[in-house]
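Across the two complexes that follow, chain A remains constant while its partner is chain B and subsequently chain C.
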Partner chain A sequence: MEEMKDEILEYVIDEYIEDEDDEITYDTPLISSGIVDSFSMVSLKRFLEAKYQISIPDEKASPEAFDTVNSIVVLVKEFIG
Partner chain B sequence: MGYSDKVREMYKEQIKGIHDAGIFKQERFIHSAQAADIEVEFPTGSSLKKVINMCANNYLGLSSHPEVVKAAHEGLDSRGYGMSSVRFICGTQDIHNELEKKVTEFLGTEDTILFPSCMDANAGVFEAILTEEDVMISDRLVHASIIDGIRLCGAMHDTFKHSNMGHLEKKLILHADKRLKVVITDGVFSMDGDTAKLDEIVELCDKYDAMVFVDDSHASGFIGKTGRGTHEHCGVFGKIDIITTTFGKALGGASGGCVSGRKELVEMCRQKARPYLFSNTMAPVIVAGILKVLDILSKSTERRDKLEANTKYWRKGLTEAGFILKEGNTPIVPVMLFNAKLSQDISKDLYDEGIYAIGFFFPVVAKGQARIRTQISAGHEIHHLDKALDAFTKIGKKYDILGKTKQEIIEMYGL
Partner chain C sequence: MSNIVSYEEREKNFDWSISEKELGYKDGDIINIGWYCSDRICEMGKADKLALIWEGLGGVEKKYTFDDIRINSNKFGAFLRGLGIKNEDRICLFMDKIPELYIGFLGVLKIGAIAQPLFSAFGDESLHVRLDNAETTAIITQRKHVGKVRKLLEKSPYLKYVIIVDHDGKKPLKERELTFDMESYEEPKDFEIFPTKAESASVLHYTSGTTGQPKGVKHVHYSLISQYLTTKWVLDLQEDDIYWCTADPGWVTGTSYGIIGCWSLGITQCVLDTGFSATSWYEFIQKRKVTMWYSAPTAIRSLMKAGDEVVKQYDLSSLRHLASVGEPLNSEAVIWSEKVYGIAFQDNYWQTETGSIMIANYPGMKVKPGSMGRPFPGITAAVVDSKTFEPLSEPGKIGLIAFRPGWPAMMRTYWENEETYKSKFKNDWYLPGDRASIDKEGYFWFVGRDDDVINTGGHLVSPFEVESALLEHEAVAESAVVAKPDEVNMEVVKAFVTLKAGYKPDDMLELSIMNFIRKKLSPLAMPQEIEYVDSLPKTRSGKIMRRLLHAKEWGEEIGDTSTLEDDE
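The block that comes next holds the complex of A and B.
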């Protein structure tokens, strides 16, 4: 669980943060704060599917479910089983 | 009544919100032809003011060139004012076909299709050539019209960090399973004036089997040794699969745009692109004008050479005066001020000095990146640039920002 949180956080920082001074945590809102726009959710979804060998249906990949690293972990765990 | 007082109030409130946010856009009426020297009515109702235009996309100074105006007159006389038709019913004249061939030759592609604007070209092209099986991978700073075109297309969309080739490569690997991959970029980015690394993009696309799309609206006519565009500048002439560009900037500045590239992709646009199918043909007068523009540019590089020299003079002058500029070598020269209000105040003071240059701030550019965007033209003479440099220096001194670092300006004015 902790390992997964760190992997996802690392990906989000690498993928979306342009300014190195910006700090984000497991609870930082990503979509509602504008750090990740709805366009860019695609790569996040694809990353999760490839990394954890899962398939997330589009209707489950909502902005709410993707809004924080913590909520993403909950979503991924649902599909890992 | 559908448009009740309640509905009217709702919109009034929204417009007030735009005012309150400081992003209300107001037109300035120009009472002369587009040129380096223009006469402007601003604010509305005030007497006309002669100013030097430092914010037009008139890079080659061809918007009011006598030969172009003459050719347009001749086109109007010989082919009429309008066609009252879309292209494929009865809206295609011989000169539309001639222009498509000339643009193909100029850009070094296989075929070209005209659109009413480059906005329309970008809105129509992706949907015409891609499906749900494909992916579009775009630079994060591409023009708004490309974003709209991407939204209208059913293919998957992903982005890469601005001009970050390592990140683009990761995305090409991530989407390796897609049927078609298209990498999408501007040739010259309109807000920062920087140039796409097209040579590296072409190399990556060759390696990972992807097509290359470039919007060269801020490059066609003057970037590259003979002004063919960013692909010429980067040494990849003939290697770009899709180029979109506009005739509304350097190439005469009237209107119209095109998709130019691989023959089959252009044919798909002719069959399926909705802005082509469902909007009127380009007016003959404009087509005749653009033909003359291409004729002028194919005979001599004098205008783009003058633009290059003017740009160097302007950049050197501003740098020596102590302003912070965005690095680059295009005629888009952003003077960085960082603070939104400062950019608006300086723009206003410059106008009072007879210099027309606009301040841009969030959301048009990133937060804390407010600037005055200046645009140089081959229509500028050295005396125009000297007068503008004097005005910038005077106003720069007034705000005590000359020779100051970014941090010092932010400390004085905030972000």
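The block that comes next holds the complex of A and C.
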């Protein structure tokens, strides 16, 4: 669980954060803050699917489910089984 | 009663002088959009009226009266002038939807410089080609976007200043970087607004075409005449309205109607600078008591997707008029909005080049769900044959949308690209590049683009630009980019690629290509799907046949393939 959190957080920081001074935590809003927009959410979903070998149905990939690293982990775990 | 009162009557008795008179403008006068949107409103006795209610993440709020807008835009102007920036210099505004974007836009116009707003999600390559084309003198930006600007400084010698509006002093500034703090900057005394005239350049918005680099659409201060009246009659803004235009001023709707239209009418607007979610949008409408809401089909379809139940959790009774623009608003969305909000979204049609609304549904006029509506009074619109460019008189016949040039907000040229500008006119019609039909009652019905440009979420993406960028990825040998149908965004970008020797197609490579384009160009341009192919269909002369790939995606007839070199 902790490992997954760190992997996702690291990916978000590497790919979506423009200002290196921005502090991002597991609870930082990603979608509602605009850090990850609706178009970029597609690449974030693709990362999760490729990394954890899962398939997330589009109806489950809501802005709310993708809004923080913590909520993403909950979503991913649902499909890892 | 609506501002337009009767579409038919307005159409019969129309003249653009209606707008000129209301704005107190006479031919040959000085006309400066910056002044009209702030100083004039103050002189009309509305200095203390709220102009902008801004909300950021976590409910952070800032409010500005029209007098605040006047003073702060003067500060911007004085600061820029102090740097030696003069009229007609291009000044890029590269910010999120923060107050400095809206106010800085007017400040740039007040000194006669040309405002070049660019969407802050653009990657460094997208930013560079647009700055390069305009030979932009200065860029006004935020700390969070400075990294992208720094990447292109070396190859942008014309860019003299990088102005950061929220520098916190934690990190040292680099060469060409300056700070400007709007709140603490001293109010300039005797600030003089540059005496721009009707044909003085005002705004340079960039738009994408099928081939070549993005084109800078040049607008002039006289565009105000169209923008003012279309705001009044189509968006129906009235004195006590609280207006919410969800468009980003990096795009034309965000400036024509998110700054110029509403503020030239002295209307209070509110801005939400956070990411999209149905709950945050409804909460915003409820909290700000929004009365007029101007949005886009992609957002409306996303709200539909969020469902009816969430709507019931909020009090949206303040809403009295809803309008939409960006791509065609499907009839389901119109009907749904009437069901859940009690008012239907009314679609309208225009584009970056037209500068203002051209075809619309109007308050009080019968709405035909799925139709773009009827031409704005004073606009001569037709659907013309794609070969003869003669108007098609038969109802329902599909042809090219065409406008007779001459309305005030029409672009004056493409920046440094007069040849392409001229190519947009045929048989004395201006052709925006879209296909439509007209029914018996004169309503226009959108059919699609007449070229390969991809309309995703209301924004145009050039397949050429994405294909060129794809070739810079280490694994990509060849690429072809087409539109793919999408339930929410109407179209999204899909790329077909062949790989260089030594690379194997897999999920991580696909992700790497997607992110490469997202960062280089923009999230809009990022292919939402990548299909690996062994070869791309080409003509005998070697040109990639996008048409074939497009037809495959849309389940259409492939058509003539006689020139095809290699059919997969």
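Keep this in mind: the second predicted complex is superposed on the first by the 81 of 81 C-alpha atoms of A that agree within 3 Å, B and C clash if a C-alpha of one lies under 4 Å from a C-alpha of the other, contacts with A are read in each partner's own complex, and residues count from 1 in each chain.
Following the convention adopted for this analysis, contacts are C-beta pairs under 8 Å (C-beta built on N, C-alpha and C of every residue); 3 or more make two chains touch, one makes a residue touch a chain.
All values reported here derive from a predicted model rather than from experimental measurement.
Superimposing the complexes on chain A yields a three-chain arrangement in which chain B and chain C clash. Judged by the touch definition given at the top, the superposed model places A:V69 against neither chain B nor chain C. In the superposed model, A:E49 makes contact with chain C only, not with chain B.
Of the two partner chains, chain C is the only one that A:S32 touches; chain B does not reach it.
Once the two complexes are overlaid on the shared chain, A:S40 sits against chain B and chain C alike. Of the two partners chain B and chain C, more chain A residues are in touch with C.
In the superposition on chain A, A:V12 makes contact with neither chain B nor chain C. When both structures are laid over each other on chain A, chain B collides with chain C only at 236-244; the other stretches in 236-244, 272-280, 326-334 or 560-568 stay clear. Within chain A, the residues touching chain B in one complex and chain C in the other are 18, 39-40, 42-43, 46-47, 50.
On the chain C side of its complex with chain A, the touching residues are 57, 96, 121, 143-148, 170-171, 273-280, 302, 456-457, 507-508, 510-511, 514-515, 518-519, 523-524, 526, 528. Taken together, the chain A residues at the contact with chain B in this complex read 18, 39-40, 42-43, 46-47, 50. Note for the complex: chain B touches chain A at residues 150, 156-159, 161, 171, 174-175. Contact residues on chain A toward chain C in their complex (touch as defined above): 15, 18-22, 29-40, 42-43, 46-47, 49-50, 63-64, 67.
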